[in-house]
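The structure is given below, and queries will be raised subsequently.
For reference, chains read A, B and C in written order, and residue numbers begin at 1 within each chain.
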Amino acid sequence: MDGASFRIIGLVMVMLISSACKNASDDQRVGAPFKADIQLNWVPEPEFGGYYAARDSGLFDQEHLEVELKPGGPGIPTLQLIESGQVTFGITTADNILIARDRGADLVALFALYQNLPEGIMVHAERGLGALEDVFKGGTLAMEPGTPTFKVLEKRFGFHHLHVVPYTNNLAPFLHDPLLAQQCYLTAEPIAARRAGASPQVFPISDTGYNPYSGVLVTKRDVLIKHKEEVRRLIRALKAGWTAYLKDPTPANQTMHQLNPTMDEATFEASSIVQTPFIIGMPATPIGQMNLERWQTLSGQLVELGLIQPSDPQSAFLPSE
Amino acid sequence: MKHRQGAGLKLRRIHRQFDGRPVLKHLDLDIAPGEFLAIIGPSGCGKSTLLRLIADLDQPDQGTLDRSEEDVDLAFVFQDPCLLPWRSVIENVALPLELQGVPHHHRMPAAEALLKTVGLEEAQGKFPQQLSGGMKMRVSLARALITRPDLLLLDEPFAALDDITRHHLDDHLQSLWLNHPMTVVFVTHSLSEAVYLADRVILLSAGGGDITLDYKVPLAHPRTPATRVSTPFIDHLRIVSEAFELHARAAE
Amino acid sequence: MKALYQIVWLPPLMSFVLITGLIECSITLMDLPAYLAPRPSAVALALWVHAEELLKATWHTGVAALLGLGMSALLGALLAITLASHPLIRRAFYPYAVFFQTVPIIAIAPMLVIWFGYGQGAVVAASFIVSVFPIIANTLNGLLSTDPALLDLFRIAKASSLHTLFKLRIPGAIPHFLTGLRVASGLAVIGAIVGEFVADSYEDGGGIGTAVEIALKEQRTDLVFAAVLMSSLLGLLIFWLVSGLNQITLRRWHLGEFKDS
């Protein structure tokens, strides 16, 4: 068969598929699909698995949405991009949302992927440290300054006995220095460190009681008011996407590996296994769901750290239906 | 202290070409010790090339250049005064002695004395940028003479100056030559300057091969401003000018 | 009496007032929220409120930048002299000097941490790497553009090559070196700040790079701009210092140009 025939057959198939999709949704929705872009806060990795799963298995299409996933990187100003209208949705942490609201941005959290904060402090197991507080008795700690986590640790343990230095998403200093501790995503750095031959030990930040939602989908209140129905459909598609990803992460991992080839497939797999309990929560919570009490706790903690003025976080998130 | 009359030079069959284009063609020239020789000629006749060959800044492709003595101390004065802007006037004058390793307490008095002879004793602490063109050239002359050279080469040194300054500097140069016995080879494009200063004027042809005029100026030294308006001077100048005109026309 | 426009600081002050005024008005008119574009008045307030920390951070960065610039001046000049010494050396090594100009500092900065450890060493090294090339390039250019007539003069005087280097070529290259140093002064500050992003030590509060990073994380755009302003002022200060050095050194070159009276 020649190329032209292939093309014709391909065209026919595309027409069939698209008409099938239309039939599924035509009863409620007419016209062009709702266009939205989602600014991810990092390069494609399992933290966004459900998003790619939803996209690739046509869940967005089924909800009559045309979603573009925009990979991010270090220093991407997600919240500013949302507020200035350059992107519709973005992913960030709950504490950043409350701080931005305090600075005057009317943002609303829609969907929280991680029920528990997957951040921690990684040390070399050889040091034989027993608890998070032992990290602060000496050595070096590599950490981004200015984050709420940084402030929580500084307030709780003090930085008087150790040397605190920047963390720039580079594992080399950790691998190089047996007395260096560093911030980490439990789903990322410990896996990489182990593969590089180190034996890392991790203390979760949530041990301190500071446990904001993270991997939170956020948008401007204007968007929510104008497109309430579309937002509801988006959340539905995401729940379905994440359910599919938790069942079988491999297809989405393969897609993401192609977009982010520096992370190999084994790491994708390991990372998606590690993150699952953080998504499910303890006790198990429906995917993406948030409750007021957790937001209130967080708000109080940020006030205590001097990062925000007291305010009611009731309007900071969209309660589940 | 050397007591010399200056260095003599014997050039035989000197040939020099650049990129296949001959500038000097098998030139023969004798320069007597102590002589003041002026070289004139149309532009591109190889005057400067000849001077650089004599100064050992360039080597001939063929021919020989013999000096009357083994170790000739020579000095060169360029069209540009070539002073070092970061050095004071006196430090500029003393530079050649400094490079020879003469100690400070010997070279500074020597430089000061020379500055006096060119009338710049007041300016010794100044910097080149503070001097006029004529003053800079006098500093340059003083610097050239500080090593008491046997051979002084000058490449159109006063070309950039106005006539009055130029006449002053001609007189300075003449008195320096009279007080420091040495051979002078002076390239100029001013015929009257050549006739005024030199014992002997040679005219190079445009192709650089021939000396089309070799003229002795039989006027006694020192020559004075009055010389410039005397009948004998004007007669000599006319002869040289006619030869130059004839040659320049022939070249065209 | 001096005309108003002749007062040195007046024109920049006027343009400053005009530009900040315009920014303030447009932000107000467009009703832009502070976290997207802080008003100059908010930045000024942040400068005032956080003056102490900002000055400490500026001092911290300034010391590192001056050390980096000093190293650039010293090593850059020595490298330029080495490169100028022989065409073969130049051909063999100059491409690697260009490396300093093109090296993406942010990419190799983490390695600086490994080599020099956290703290001032790595910050100074980053400042050095970013600022050394203009000094090498300008000084080399100066060393190679010695007036040929002056070189002839030294040849006729039978000067040794060392004499020619130290009494002619090096002094002649000083204006070029100083031009390079002026270009390098701003780069030294940028290099130090980039170095602080990866290698600063927070014990004494850190430098401007750390201040910017903290302000960014706390979503304090006014404070970000205040810190950026301090880095500009620091760059300007170092530039003035170098220009002053330039004027003192080159006084002889320009000293009371001759005037016919």
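Throughout what follows, a contact is a pair of C-beta atoms (placed from the backbone, for glycine too) under 8 Å apart; a residue touches a chain by one contact, two chains touch by 3 or more.
Computed from a predicted structure; not experimentally measured.
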Chain nearest the global centroid, as defined over all protein CA atoms shown: C
Chain whose mean Cα position lies farthest from chain A: B
Centroid distance [mean C-alpha coordinates] between chain B and chain A, Å: 85
Inter-centroid spacing, chain C versus chain B (mean Cα positions, whole Å): 49
For chain A paired with chain C, centre-to-centre distance based on mean C-alpha positions, whole Å: 40
Touching residues on chain A, where the partner in the complex is chain C: 75, 79-80, 83-84, 96, 99-100, 103-105, 140, 144-147, 150, 159, 163-166, 168, 170, 172-173, 176, 307
Contacting residues of chain B [partner chain C, same complex]: 55-57, 74-76, 78, 80, 82, 84-86, 95-96, 98-100, 127, 129-132, 135, 147
Complex contacts: residues of chain C adjacent to chain B: 147, 149-150, 152-160, 163, 167-168, 171-172, 174, 252-258, 260
List of chain C residues in touch with chain A within their complex: 33-36, 109-111, 113-114, 118-119, 196-203, 206, 210, 213-221
